[in-house]
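Before I ask anything, let me first share the structure, which is written out below as structure tokens.
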């Protein structure tokens, strides 16, 4: 089983950007952590980060037929990228949307997302632990799909 | 460590009500499942369900000083009960909001919640597995709080 | 055949409250009237009134498997109780929503209802006669359902 | 006592148009049915249908002094014809608005009506039985008016 | 010089309809009055009334090349008939919009008009005297146009 | 009979300001014209202009008991001065609101006025001729009032 | 194969009305042009124009069973005639909506249409060539339908 | 003279909940204080608190004929409980609405209340002193009512 | 201790303007009453009234360092004068906003105020008694401030 | 004559993505088809597809002076990319916007486009045939432009 | 060359009012600074401040023909004074709008301005340095205008 | 001291695109001009332009620790790129937002920006001179920061 973790714009700055909102862990710390957890669960894990909307869409397309589930933190693109939404709706594997902060307790324009309607489920507000929960959810969804198909 | 799971209106009908949206598990099935998981994690777990807004608020109040974290599925009250929101904001223990269905892919009036802004984090769309993730998140938050306090 | 008539908040004050809007009949008068009509139609009839949103939901749940149709005047809860709406959507018997006054010729906040979308039909503006029409509609729906099932 | 039944745009297609929404009865079936019921009630009944907003207004005007009550299914004109609304507000006999389908469980633009504020009462969602309930309501209103005047 | 006075829906009921809003004068009274005033001003005057949106548009079209100005009371069509608006925008003679009542002190949906943006000017709230002022304005506009053209 | 003409902000610039919108006549030209017309009608006429919202309100107050009607061009204050609206609502003489340009064919923020709901009638779009029509309307209203009182 | 071309309000003025927006061709020119093109394509073509909403609806109804596709330019009725929308939704032949001008680069109230949701496709902004494209689309849709049915 | 003080949801937590917003006094402190003040004024005083919307409505109903005025702090129910609003509108004694905090300087959803339109007057922002002012206002209203009735 | 009472636009007409809304007391009556009450409380009191937004702002500025608290009835300026709001936010003494009528049961545009967010507290709906309650609140706030500073 | 066909995000998945909405043809099929049609019309044709907003803008810029017209299917960027809109507005060749599906009968957020206001015309809802119609429209516009310039 | 600097409501309090938002400089400090800078640039400079909307309008009018450009900080009037907007639109000299604070990072009601649409340019957020930049912009605009005219 | 100037989408077309809105200067002209001015001020200056949202974000990230301030003209991305907004909020150097045209006097969708809330200040409407003012502002902010740090 293979899980892909996609991180959107500005998440490369993690640990350096507004630490009171996003915490002190760097993206590298989070990825190292997840790799370890994946190993425990016996699943393969890959990572991709880009600030480019088009690159995130390309990545979702390319993953078709290659991964069993995707965990995506679309960052700010959650709030307006209908193109990203359409890409998520177009792929056939389960997608879990995660956010580090609780987007519903921040500025009003962050309360609305265009991507949430097309993912399988959403997890937000638990800091780096959102990724851990996302990994468990992705593995669970991938397993359900495998058992549905068999 | 003690975790309380609170379920709001109509969740007592689970398994019987619109199974295509909410699945075939009864609330009892979910609670049994969670009790088992809690045992594995070495935490005590309690359950409360009511269709009464006031009873849910009373329950949140009474839990002050008695529980380490709460998992709440506020059901429809998520969308308009500012009184419930104020109760959550008033308590001192961490609160995790969970939903069985992905509320963002349902009717427009379910896309807005008044409770999400005051909980620690939100998990939605994973069916009964939302509760499992919620339990893990609640335990994690309770542990953080214990280590912050010590 | 058994019909249940549920009345929501403040309807216990009928006859005493704003008679220019709601008329001079008490809820008791209306219930006596309906009982007589039900007898003529050869159907059993029961009544419930509460000012508590949760009690109305409990009542709708309890009626599952016990009644053939429900007539509900949700009063002010029509306009905001998504929990009540979910309860109506969850039950399997037909539900007729009635209002004494024409809610569309009153204050703007009464023009919008959350319950109407999930009932079978709505009757409003005929005073106590709304209940009479509601009884006929409920009986008709219950009969259709019986003949559909047989 | 004389009752006039007015049907608005596209209702002439009844039975042929979107039967899953509007049922299999033709307008003719419904009118035959109503004529029979009117006979039982001892009231005279007349019918008018037009797709022309102006013709519906003319018909409402002409009926002044000739009918004791009107049952109107304004079809789509319910949602925007302020001219029809003004015609209803201008006549002196009672008017009952009816709809075959439950307009509140359809597209959002059908949730708002401009005519409902000026009719005596509204009945919607009971299929052809909406007309039967409308006839009873119209007769009741006409009788009240006769007894008020005498 | 020839002036055409066009009256829209329900104005044929004037004097009989809601006299507290629209006054006791019939349309006939107003037209007789205007005919007399037109004679004094040495201008020819014609009248048209219809409840049919299409008939009002046809009338505006037919008047091209035959009248020097039009006074129109579009009644309720002011508020939503974009077709009527387009007809007014399409004709080459000046158009004065008048209303008997002050539409800005009535229901909110009467505060917005679609026709006002394309007429030369608007007069509202002076009862039958609105027509007298409209006649003077129409004559003034027609004269300006004649002197502009010569 | 005494008529007062009140002009609001920026109208002192008339003839100099955006002549394509407001015409080439100065406020002085318009006042001279109106004085002549008033003389013909046998009524006394007075003028006041100010750019100060408070001065316009003071002027309306002071006129109580001294004038028979007021013609007011509130300029931009039409669109937001609720204080001016309250002053107009508080006085006991008739008030005619006039505008040089057709405010409904200009920027959207000029389509809404707060003063129109409390004046007797409104005239807009006829350039300086709006004042002439306003004078006639004011005289007519003042006469009605005198005959009502006697 | 038979195609019907329906033109809505004010299109009879084409060539005379606002030529900078709608071009110099009369409706007759466009119809002659289309007749020639239809001949080349070997299809029969008919034309109907009316300023009456009801007449357009009647025409759509009458065409059931007589035409293979309809091209409609609903003019201003696109923006508010839900009755016309319902008529289009009720017929069983394909319907192509066309507009001469690009309605999306005009006044905001023209950006929203109620008819577009129920037609097969929409073409706007190509002047008289919109009709030519509409004819091709209508023929294509009619052929698809014939091959689907056979 | 008898005054009833009703406190809504979460006010039982006063002194423990968000003290920077609601102050350090417990509800008990406030009630003791008011009892003392009432004694000085020679009026009887009673207290009721509930987190249940229905219980607050029941309490308002039961007080009819037993109290001379009510002071209510509806807490969060101010913002959405139309049922509570209807209960206040239905009772015949004067009602004073009070709030500890200035609701207009808090979150936007607290700027709108549904109860304020039907109370006699509103006092907000003075902390526990809001209750003292409310007591004075309630006594004044009750006295006016007694002198009106005598 | 010195208290300043500021009254905004149209309040000079009190007693003469719409007495059914604002009561029969003149502003002079209210001021005399307050002077007497102030004397009882042993505080000095001053009054200012103006219809000019700028004069009210000047007055608030001038009072800095000279008064211990201000009671302001901003009249219609409450609803739109952000300049007045900024002046209140800029001063260092406590400000109590009062209204004679219950602004929340009047026209919708009076339900929103821009000043309420920056005052200490608001009192509305008690007629002239609103000023009495305002005086008590102002004295209480001034005393708190004195004890905070000492 | 040279025509460029630009396809936006996710259109590379055509045939594989939601075939019930977008049909079974791949983008390659559509391009092959168009190439053939272009050959018949004697025009040169080129193709570009990208999921990157910036790449689409670069492509539009580069085409200046090299192509005679552009056919663009902006996909989801239609709904929010003001940058793409500005690029279309900036180029000097005609641009035809096409959509495979009827965007007006899909989710509400697809009813609004930012690009449509600046293209020459729009075609939507005809599946792959939308491209054929787009090609004809583009050739027609390019020819008009050539004849205008000569 | 002569430049006039106009300051609106509450700016006289600068240095004393909310220093964390507006800085510690008094208006006098800023004016002294600007006078020095103007001297360096060889331009004459004048200052005007008022809390009165009307006085600011009068000042803009009086400056016609006397100044070469105006720098205005309209303070809170930016957000609602359409009268001030009309005055700016009416004058013939260039106008630069400046704000001390970044109005777009403050309360939502400060994000919208009515004056910005009619000034030549806007500068906000640089504290007292906004005035320095405004002076440079004003001089540049005045020079352009002189060279355009010569 | 090093200043970076970032230009967003379509600004590479400057001088060629809609010159009546954006002027005749090319981006190269503006950059040459700024380089000269920077030299006079003794600061180093660099330039970057891209039509790619992601490239602009990458550029802002890369500049951390390398530049003292940034001048950004985000073009159309100002209006919707929350990703760009987050990038600006994440960097630690001052950012000045500039626009060539006065965005507040253009289409309504350009009146709202998402970036302005997080920059230090904004300058718009002065054509190429906006960049000159932006350079001065950036240098001033960088100097303040240096002196704050030292």
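Here the chain labels run A, B, C, D, E, F, G, H, I, J, K and L in written order, and each chain numbers its own residues starting at 1.
FYI, contacts are C-beta pairs under 8 Å (C-beta built on N, C-alpha and C of every residue); 3 or more make two chains touch, one makes a residue touch a chain.
Here the structure is a predicted model, which is why all the values come from computation and not from measurement.
A.B. asks: Smallest number of touch links from chain G to reach chain J?
C.D. replies: So the least number of steps between the two chains is 1.
A.B. asks: Going by the touch criterion stated earlier, list every chain that contacts chain D and also contacts chain I.
C.D. replies: Joint contacts: the list comes back empty.
A.B. asks: Would you mind checking the shortest number of contact hops between chain C and chain L?
C.D. replies: Minimum number of steps from chain C to chain L: 3.
A.B. asks: If I list every residue number at the interface of chain F and chain I, are over half of them used by both copies, so same, or under half, so different?
C.D. replies: Counting shared over all numbers used gives less than one half: different.
A.B. asks: Per the centroid of Cα atoms for each chain, what is the distance between chain C and chain K, given in Å?
C.D. replies: Here chain C and chain K have centroids separated by 64 Å.
A.B. asks: Could you put a whole-Å number on the gap between the CA centroids of chain K and chain L?
C.D. replies: Those two chain centres are 23 Å apart.
A.B. asks: Please compute the C-alpha centroid of chain D, do the same for chain H, then give the distance between them in whole Å.
C.D. replies: 47
A.B. asks: Report the inter-centroid distance (CA atoms only) between chain B and chain C in whole Å.
C.D. replies: One centre to the other, that is 32 Å.
A.B. asks: For chain J, write out the residues touching at least two other chains, lowest number first.
C.D. replies: 52-55, 80
A.B. asks: Please list, in label order, each pair of chains that touches.
C.D. replies: A-B, A-J, A-L, B-C, B-H, C-D, C-H, D-E, D-G, E-F, E-G, F-I, F-K, G-J, H-I, I-K, J-L, K-L
A.B. asks: Applying the document's contact rule, which stretches of chain C touch chain D when the two form their complex?
C.D. replies: Of all residues in chain C, those touching chain D are 102, 104-105, 111-113, 116-126, 129-130, 132-133, 136-137, 140-141.
A.B. asks: Quick one: which bits of chain L touch chain A in the complex? Just the residue numbers, please.
C.D. replies: 52-55, 57-58, 61, 64, 80-83, 85-87, 89-90, 114
A.B. asks: Quick check: in the complex, which residue numbers of chain B touch chain C?
C.D. replies: Against chain C, chain B makes touches at 8-10, 12-13, 16-18, 50-55, 75-77, 79-80, 109.
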